[in-house]
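Order of writing sets the labels: A, B and C. Residues in every chain begin at 1.
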Amino acid sequence: METGELYRYSDMVNELLARYGVKFGIYKNNTFKEQLFPFDMIPRVIGKEEFAYLERGLKQRVAALNEFIKDIYSEKKIIRDGVVPEEFVYAGSGYLAQCEGVLPPKGVYSHISGIDLVQGKDGTWYILEDNLRIPSGASYPMIARDLCRKSSPATFEKNHIEDNRNYAQLLRQTFDYVNTGGHTVILTPGRYNAAYFEHSYLAEQTGAHLATGSELIVEDEHLYFIDYSGKKEKVGAVYRRISDEYLDPMNFRPESVIGIPHIYDIYRKGNVALLNAPGNGVADDKGIYYFVPKMIKYYLGEDAILNNAPTYLPYYEEDMNYVLEHFDTLVLKDVAEAGGYGVVFGSKMTKEEKEKFLALLKAEPRRFIAQEVIDFLDIDIYESEQRVPRKADLRAFVLMADEPVVWKSGLTRFSRNPDSFIVNSSQGGGFKDTWVLSE
Amino acid sequence: MAILSVEHSDQLFWLGRYSERVYTTIRIFSKRFDSMIDLKPEEYEEYCRQQDIPNIYTSRDDFSNRYCFDENDPNSIYSNLMRAYDNAIVLREEIGSETLAYIQLAVYAMNKAAVSDAPLIQLQRVMDNIVAFWGIVDDSIDDEKVRSIIKFGKRVERIDIYARIQMDTAEIEREMRRLNLRIPRTGLCYDKVKLAHLNYLAQVSPLDYKTIVKEIEGLLLQDALPMASGM
Amino acid sequence: MRNLRFAYHMQLTFELPAFHHHFTVRCEPATDERQHILTEEITIYPKHFDSRQVDSFGNHCIYGIANDAHNYFAVDVSGEAKVENTPRVPALPSHRIGMFRYASELTKAGKKVTELLEAASFSSDWGMLSAVSKATACMNCLYDSYRYEPGVTGIDTTAENALELGVGVCQDYAHILLALCRAESIPCRYIVGMMMGEGASHAWIEVYEDGFWTGLDPTHNRLIDDNYIKISCGRDAKDCQINQGVFAGGGKQKQEIRVSVREA
């Protein structure tokens, strides 16, 4: 792969990213700060064949997850047939009783899924986590690609790399497929949200209207965007970037001021599409993750193409025994936490911490999953003009219209700290472009 | 762009106002500062009075530093630029990433000026980016309303500042002419009586600057409803 | 079986005019196998646009928006119901039972609830008892150790807190009994309704067993009968709020509820 020239303009590309405000917001000591999202020029490269394999696995996974959500909010056959224990559904944080019996437009629940994968040292890919609520990150490689092509046209001329800037078009198709008639809006909690850059950039790129809750109103069974001259414009699809709980104060948390009163009532009647569907969280809970391969078998009658990281569920006695015997080699995750929080490594605990943790584990076994620590395949980054290896994951995006489509790219996040396995942007990581080869 | 909400029309207006405020205050400040250097160090006191800002400064140097760069001084040029940025950042889809970038660049230039050893000359970079911003507003924003609201905000702010520093009739009249041409293209609700009054005021000699400021501030009709939640 | 005439009045009075008032009211008793609604009339003040909806718990909701300024918001429901003298009603559909087995926000069992459950489940054949028998034993135990007193607890008081306080109203009795039953993995749900006489709305619970919901009124320590008209159900009081609203203006607000049920 000829890429030497690509790296010459690394500083310039980062400068341009700053110019376009490619940032994410964080709260430090209760004040909001915007931080640049450091970009590393060395891409993650995935071969054509290899990506085709990932694509098959991801489509299969998202199709099964969608079936699962549909089943959970209707007949719950998977519980009745004893495949998933009901407490993992009802006692998890993602289940919303208000979604019982509600079928979203065209039966699509997870329109935009962000599936996190890692590659082991032996080249095997593992699914690390499914993000079905409001996954973010696609905008970063999109804009970075644009700038990289400018800085090194020759690289993109010589290598055959799938263009990833079609994400906006794919997203638009996803919106249009479920739109019930009217405009499409991207609903943001506002500029003090961590992913605000993405909300506004995707609005610009897809031609959807960026709106906050106060700009939209439900009247006579439909959702309207109110023009500044007072004219009402019907809205048929809402790509909402606010969480379920805050979506509608009349149906979820009553104190929410960023939501839209009654939007959920008209959604229930099929008068507006919400992307992603409320209640999706029931399928991306860390506890439910364990059951995804079983789901694939149950709903699709197929074996999972992509593996989970080897996972144990202390809820089952056999797994609990394994966890207790191999504690030091495992990583333990609190199913209620996200964003790299609530993750502990057995080997890194002091004796006291371990005792405390084990007591908690025994008292609330359902709250945790345990996983083998995967020896990640490192990816090089440039640091002070040196290539150094770092841990990295890949967030693949699967968009669902009439069938799932995998975006031929993805967000590769890396940890800047050489000893850290945690690559989340909220914990100081950076990102890379992901190249999928077309030949 | 087919639809524009009340919030966004308001933000476009204020983006116009604050970008103008930064640009014109840097211009005026630079000129006035020149005479503060060796002729009249205490002239900043008069400057504060004219601009209707509290004189919280202890000396000329304190003034030139804090008035330009203090993020905690709500009247500083820095704070006004941040307000322009706050309005711009929520308008990416209306004005476009390319346009938004110039406000972002002005912010970077301001931060750089604040820590440089010749901060005042560095403010030129802030002005350059604001001028570039206006240029690209004209060049790349297709929607006439979007473009006009920003430019209307800019006009309102300019008349406001010019009246405060008591610019001569010709200048005020020229700005009023441009305002009159712009306002019907915005689609905004404005007070027609106030506009007529302003046109009258711009022609009366001597100019009643105080009333001009008052009328220009009240030109736009606002109705914002605070939402409350209850059981 | 008897015929009951019911009238329900709710009024929310504002200190300052309220406008752009979005509301959802759940105040409409629906017909089921135990209660047959013969006639029903609903009025809502002020003028508004409204729509109807059945929520995921099967409750009938009226929602809408009253845009113009108003000083009060009032709902009146009246009608006649034929009520069977039984605490039981068939539970359908079966896939909507599971969600009632797990503690909700207001019905988590803490130390106090656990202690009370231990006291209620002392008998040696506890494990053999039916769900309704267990729930009844819990209800008896709760009735003996808890006292009715208004004004101490609020609408957000959890079962555990209510038990710590030692006194409460029908909502607290119901939450505590739900917490006790759910700690025993018995599916059970919160009921808002009306009962014979004059006063406020009432709350009780239903316990699931073998295809039926059975109504228990812990405030009065008895099974429900043909003195009770059900309005709505949910996992706890939060799912059954009679009136919810979001509005501009309003200032301080005062809510008043008057219920009257008598034999027709």
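The rule is simple: a contact is a pair of C-beta atoms (placed from the backbone, for glycine too) under 8 Å apart; a residue touches a chain by one contact, two chains touch by 3 or more.
Here the structure is a predicted model, which means the values were calculated and not measured.
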### Query
What's the chain with its C-alpha centre farthest out from chain C?
B
### Message
Comparing chain centres built from Cα atoms against the global Cα centre, which chain wins on proximity?
### Response
A
### Message
Could you work out how far the Cα centre of chain A sits from that of chain B, in whole Å?
### Response
41
### Query
What whole-number Å value describes the gap between the mean CA coordinates of chain B and chain C?
57
### Query
Listing for chain B: what residues touch at least two other chains?
227, 229, 231
### Query
In chain A, which residues are in touch with two or more of the other chains?
249, 254
### Multi-chain contact residues (two or more partners), chain C
244, 246
### Task
Over in the complex, which chain A residues touch chain B? Could you list them?
18-21, 183, 190-191, 196, 200-201, 203-204, 208-212, 214-215, 225-229, 231, 233, 249, 254-255, 257
### Query
Can you list the chain B residues touching chain A in their complex?
2-9, 86, 89-90, 92-93, 96-97, 100-101, 104-105, 108, 187-188, 227, 229, 231
### Task
Spell out the residues on chain C that touch chain A in their complex, using ranges where they run on.
22, 24, 49, 51, 53, 55-57, 61, 63, 65, 95-96, 98-99, 101-102, 235, 239, 244, 246
#### Entry: Residue numbers on chain A that touch chain C, as the complex places them
74-76, 79-80, 86-87, 89-91, 95, 97-102, 218-221, 249-251, 254, 261-262, 265, 268-269
